[in-house]
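Chains here go by letter, A, B, C, D, E, F, G and H, matching the order in which they are written, and residues are numbered from 1 within each.
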Amino acid sequence: MTPVGLPHILLLSTALFFIGMFGFFTRRNLITMLMSLELMLNSVNINFVAFNKYLYPQNLSGVFFVIFIITIAAAEAAVAIAIIINLFRSSDSIDVTDAEEMKF
Amino acid sequence: MDFKDIFFYLIAIYILGTGIMAVSTRKIFRASIWLLFSLIGIAAFYFWLNLEFLAAVQVAVYVGGIVVLIIFSIFLTQKTGNQMAKTGTQQTIFAALASLLGFALTAYLVYQHHFGSNQTQELDASIENIGTQMLNPGDGGFLLPFEAVSMLLLSALIGCIVIAMKIKKEETA
Amino acid sequence: MISLENISASIHQLLSANLSQTAVILIEMSIIALLAITLFALLGLILVFMERKVSAWIQIRLGPNRVGPKGIFQTTADTIKLALKEGFVPDGADKFLYKLAPFVVMIIAMMLLAPIAFAKNFAMWDLNIGVFFITAISSVSVIGILMAGWASNNQYSLLGAMRSGAQIISYEISAGMAILTIIVLTGSLQISEIVNSQSNGWWLFKGHIPAVIAFVIYIIAVTAETNRAPFDMAEAESELTGGFHTEYSGMRFALFFLAEYINIFIVCAVGATLFLGGWMPFHIGAWEGFNHIMDFIPSSVWFLGKTFFLIFVIMWFRWTFPRLRIDQLLNLEWKYLLPISLFNLLFMTLIAIKGWHF
Amino acid sequence: MGSGTLITLMLAAIVFSAGGIAVSKILTKGSTNLQKGQAYECGVPTAGSAWKQFNVGYYLFALIFLIFEVEMVFMFPWAVVAKKVGMLALVEILVFVFILFMGFLYAHKKGALKWM
Amino acid sequence: MENEELIAQVQTRFPEASIVLGNDFPEVSIDSKQLLPVLQTLKTEPSLAFNFLFCETCVDWKTHFTMVYHLESTTHRHNLVIKANLDRVQPEIETACHLYRAAELHEREIFDLFGIIFTNHPHLRRILLTDDWVGYPLRKDYDDPINMIKL
Amino acid sequence: MDVKVTPPSEPFPGTVHPTDGGGILLSTLDDVINWARSNSLWPLVFGTSCCAIEMMSTAAAKYDFSRFGFEVARATPRQADVIIIAGTIVNKMAPVLKRLFDQMPDPKYVIAMGACATSGGPFFYNTYSVVKGADHIIPVDVYVAGCPPRPEALLHALITLQEKIKSGATRDQIRIEMKDNGK
Amino acid sequence: MITFLKQYFTDIYEAIVSLLKGMKLTGYYFTHHKEIITQEYPENRATLNLPERFRGEVVMPHDENNEHACTGCSACELACPNGTIKILNKFEVNAEGKKKKAIDTFVYHLELCTMCNLCIVACPTDAIKMAQTFEHSVFDRSLLTKKLNQPNSKLREGIE
Amino acid sequence: MFEQVSANNNGELVINVGPQHPATHGVLHLLITLHGETVTKLEPNLGYIHRSIEKMCESLSYRQFIYTTSRMDYLSSHINNHACALGVEKAMQIEIPERAEYIRVLMSELTRLASHQLWWGAMAMDLGALSPFFYAFREREVINDIMEETCGARLTMNYFVPGGVMYDIHPNFVKRVKDFIVLFKSKIAEYDELVTGNVIFQNRMKNIGIISKEDAISYGCTGPTARGSGVSCDVRKNYPYSIYKNVQFDEVLEYGCDAFSRYQVRIKEMYQSVRIIEQLIDQIPEGEFQAKTKAVIKLPKGEFYTRVETARGELGVYIVSEGGTTPYRIKFRSPGFSNLSALEHMVKGHKIGDLVAIMGVLDLVIPDIDR
């Protein structure tokens, strides 16, 4: 086996990404879908860090990107959950199929 | 293979395993807990990469914040004891196939591509460095995004409150 | 004078002289593990005993004094008893998470011990983001509580867990701000550097009023974060009987109990490190003789003394004040602590940049 | 050393807890009866499971907390270098905090920080 | 108001009621059907203003039940006892709990221990005893050979 | 009455324990276990009536049962070791008491405090709703008479219970032993 | 704005002052161990003297000749509100050949007794009194049923 | 597809509080419905300590039945006994000696103090402050010692008998009471320091459990509960019994209608009790402590209602006599029963924490409610 390097990490992130995608496709529940989304975001983060670390160690762009992504993820999660709860309150359900019928 | 590599594989298995559990368990609360473990695993991975700051940020924001929020929203909207309904077999197969295919394709790409390893220099992700760069208004600095973040957070905050207060008004009415 | 720093250094030398790299690491790791476990158990015993004595004396009674000389084996007996009590799982519980929750809480408590500097040059891992590490990791413990509360399948537990969730995350911000106030001064997150920056005086004294305010806020916030009275909403005996651990018994309950005390120790240790100079002896300006005597006291004693003083203060709170109501508690955070600590931080920055501090 | 310490500590915690639980498993005899496993609720039977939908207003605090937590994350690196960077750091953070404080004030005005 | 005066006042309002001066308070005996109107008048009439029902109970006279209402006026500080006899076979009386909220629990207790039915009571259930209890223990003919050991 | 007597400290029992054969460890271990159990009896917060006030007095500063390590009163039966039945048990309460007792993890002990809990006491005759003694519902280890027993009497009961636990005897063993003693 | 801030800070100030007051009090007790009022029961047994009126249990004093003062009149049994006392009488033939009522067994159910003192008040001959004992803990409640007259005890001369 | 949240389950929890719950001070069972943490419905379920005292009394003689009343409201046992003794005396028209009256009132007020102290400690404990409990019990133990010396018991005294008191006061009594008054006056300041002035405590107490004057009357509240809403209902003032008409004291009234004013009423009542004791302690007249009564008490035929002011409110004893040696029917109008009925009104819309605080300040004694 070759020592762990960039390809290994990329494989890890890819796997994680598609696990998230699988969840995103199979779940009908908005909250679980949001959770799958978080997984996907994280796999992207891994990529950023790995590229930064292995290919461009002279600057910190990858790390900064990750920090900003995490920030955005937090903001996104907050807003998403506010919307989900709002949706739930008005329709008593957070199933996507139900949500589609809703008009905003 | 030295310690470091073993640890990498362990962490990778851990992340993927908990990730799979997170998307496949049928109890929603457990799903959130698995997600949490997966996220912690990613933090561990950052530790492995010697990016302590990132790891801590990951733990603080994701684990301490987002997951707690998710758990609260689960309590609020679900009967947590019930199992979630099964997804149709067809859909599951389709999703699994799509994911596997996607994975295979990407993995192939990754395998094909030879990354020029540029290990001449260690990444200096010490907090001082991050701080200096963040406050650097010049080239290569991240001052603007830093200030933009505050705008983002502000808008997120206001957005949340507007949405949430809408509920409150309805409730009190 | 024997002190911990020398011991650890000499052990390291001894080992690396005779053994290979891997073996050294393994042995050192196991020593650390052993030390940590011992420390853990010991701290638990001592703190619980201390709590009982403090409460007894405040409440004009004697407290445990019959088991062993002056009652010092009381908590030992309690631990043995708890360990030997049937630990069972309620039928309706989510068995897996129910059993997992104490582990989560314990692991968090244990990991938080890593960056604490117990004496000069004596920390398990003096990592460069020490304080931030503690802030981040400690926020995970809320998950343990939520897990325990949910898995018990008991309404009291669940309510207690949710309360404590809301409470812990709220107070994390002001605790963080208070920590930041000192970080601005030290310019480093590493515990050892923070301590070293106080060699000529503790930040509590050097940092003018903002440091004092930060200190007060820190103490309040960590009291809330560790679910201690007057902020013990999670357990609130008279409201929710046992809070999130209502259904826990035997050893699992003991683990929660233990983790709670360890958490107190840790936050107090951080408080002592940040504000009271960690293991730095107490010095007064130009009093050479006095300073010399102070130096003679081992650094670990200084550290533990300060930490236990803070622990005592937190216990003192507990046995004095009534409990807050949950909305007042959140009000306190959002209306008072957060704005004040924000402004305090800005003020401190000004001081630090202008160099007005000592 | 380094992150190995963390793993060691984790293992130590697991060994410690698992050991304790194992000891209690080995050395104690439990009894069983019909009521033992039921949820405890002040000594009267409960009405069903506790795993139902709750209606607790804490989530709003969690939302706001999340925003501030992220803000804090940014402030850590800032705090470390603030003294070195000097006045600029103060100005930058002033802008940063000011913007967020506006949000905070907004939340306050809207009554989001009041208990539901 | 002195007791005599009170008696006179009440007598003029309810001519059909019989009023005697008991050991402590004037006692008004009324027909059980009349209860609500009587209480209503007693409560609302400003010169009487009996706004405080401080005791409500029942006595089992073996042949009939007597409901006893102790009323007080917190403004005038005078007291009055209302009595109403009830049939023993089918004891029924209108509830007073819409006039005096204190009556709600008292009536539940009386129902529990005497078995008197209060019509229109919002939730007339057993309160002191278990729901599956048989009999009304404070009745004179109550007998419970299992639980009650007679001295 | 403020004569200060230093209490005799109880030695840790895991010392030399001469028994022949391999019995050393086991009996020592048993001793340690019983020692720990007897010295750390956490009561359940349970009181129904008047006797509960005297129980509170016992907990209060003047009598202070924390000296024995009992002060950690738990509100949930899951963490309690001993249930002090302080007060009358009536028919409606009986299932609750049984349930509480059932929900306590082993080992568990019961003290019947006061006349009511031992026998129905003042409410023995002519009452239709009082349980004539808590031992009709759950097994009782120690009875203490009095109405209410004074705090010292409750302390005495606790000490009696401690002795029982230390001796390791079960309820049946004690009963048989008492028969042998002709009591 | 100014008034708001002023209010805000006075609130904080007053709150802190009130909290400190409480802490001062508890701190005082923490440091002043002479305020501790705990009496150590099993150790102070020797010095523990209860007030002589304390009602611990009903006893029947016997003198050195093994004689008591109970005539068996059952007044106490009647006075007792909850049947704690059972008097079993027997008929003794005395020296003159006259049959005389005398007490056979004075059964006393300590587990039922409420220490109400009514029996003592009712007794015409002061044959029973309240003792100050209180250590009544037993493992078996049947031990609490007592026989108050000692075996072979007799009625003291001259008591009717 | 995925489970629907049924419309009727709109996030409401139904929680049992009690019978075994630290905040219910005994065995009250409340079934509360929570919306979030807010109590929307509260239903008391009594009877977990229903000891059938009223039935039992029907077979007890008039001398005997008094002792059961000390088990009802055991915290004001003297006052309960007083009510019964008064009832019997009134029916039999016994004149009781002055000295006995003085002793009775002194004892009653001491009991009131002890009861209020216990309430104070227990209430503070409900609110999560544990130390006040111990301080309160310290003073209470002094009273208990005084009582024990004279009455022979610490809690269930059975000291008042028809016609007077059972025995004369102990020679030390006067001195010890005086000492106690001095001690207590110095300690009550601590109460204020530790609890009353505490900002946390005030915030938790103010503006909760509001009950207006009209509602308080309608619910039949008495005692400090009603006086906190400005209802004048002190039996000692309005229908003076024993020698209360000769002593100077004020009826404490507060108009805040919330839990805090009820709290203040109780605290101020302690001062009033001290005042009464101070007036009487030096003037206990010489003389008999018990009037001569027949060995067997028979009440004339009739109905007798006596009311006294216990620490919790108005206690009424309604004796129906058929002329025999035992009462035909006895009804105890207990203060807690009516006060409890107002609980739902007070608690609705508040948090669980408030429920505990409101109950703490109501000072319920459950055996008194259930009888």
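Operating definition for what follows: a contact is a pair of C-beta atoms (placed from the backbone, for glycine too) under 8 Å apart; a residue touches a chain by one contact, two chains touch by 3 or more.
These numbers were taken from a predicted model, which means no experiment stands behind them.
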Problem - Centroid-based (C-alpha) most distant chain relative to chain C - result: E
Problem - Centroid comparison with chain D (C-alpha atoms), farthest chain - result: E
Practice task
Let me have the rounded angstrom distance from the C-alpha centre of chain E over to the C-alpha centre of chain H, please.
Solution key: 24
Fill in the blank from the handout: Taking each chain's mean CA coordinate, chain C and chain F are separated, in whole Å, by 36
Exercise for the section: Could you please state the distance in Å, as a whole number, between where the Cα atoms of chain D are centred and where those of chain H are centred? Expected result: 44
Problem - Approximate Å spacing (C-alpha centroids) for the pair chain F, chain H - result: 30
Practice task
Please list all residues of chain F that touch 2 or more other chains.
Solution key: 7-8, 33, 60-62, 64, 67, 75-76, 78, 92, 96, 100, 105-107, 122-130, 147, 150
Exercise for the section: Find every residue in chain C that makes contact with two or more other chains and list them. Expected result: 58-62, 82, 84-88, 127, 129, 132, 150, 153, 155-156, 158-159, 162-163, 165-166, 169, 172, 188-189, 237-238, 241, 246-247, 250, 319-321, 326-327
Completion exercise
chain D touches at least 2 other chains through residues 2, 4, 6, 27-31, 36, 38, 40-44, 46, 49-56, 58-59, 62-67, 69-70, 72-74, 76, 79-82, 84, 89, 97, 104, 116
Exercise for the section: Would you tell me which residues of chain H are touching chain G in their complex? Expected result: 60, 63-65, 67-68, 131, 138, 141, 145, 148-153, 156, 158, 166-167, 170, 190, 193-195, 197-200
Completion exercise
Seen from chain C, its contact residues with chain B in the complex are 22, 94, 96-97, 127-129, 132-133, 135-137, 139-140, 142-143, 146-147, 150, 153, 158, 162, 165-166, 169, 172, 188-189
Exercise for the section: Spell out the residues on chain B that touch chain A in their complex, using ranges where they run on. Expected result: 1-2, 4-5, 8-9, 12, 15-16, 19-20, 22-24, 28, 31-32, 35, 38-39, 42, 45-46, 49, 51, 53-54, 57-58, 61-62, 65-66, 69-70, 73-74, 76-78, 84-85, 87, 91-92, 94-96, 98-100, 102-103, 106-107, 110-111, 115-125, 129-130, 133-134, 140, 142, 145, 149, 152-153, 155-157, 159-160, 163-164, 166-167, 170-171
Fill in the blank from the handout: Touching chain H in the complex, chain C uses residues 55, 58-61, 155-156, 159, 163, 229-230, 232, 236-241, 319-328
Problem - Of all residues in chain B, those that touch chain D in their complex - result: 3, 7, 44, 47-48, 50, 53, 57, 60-61, 64-66, 68-69, 72-73, 75-82, 127-128, 130-132, 134-135, 137, 143, 146-147, 149-151, 153-154, 156-158, 160-161, 164-165, 168, 171
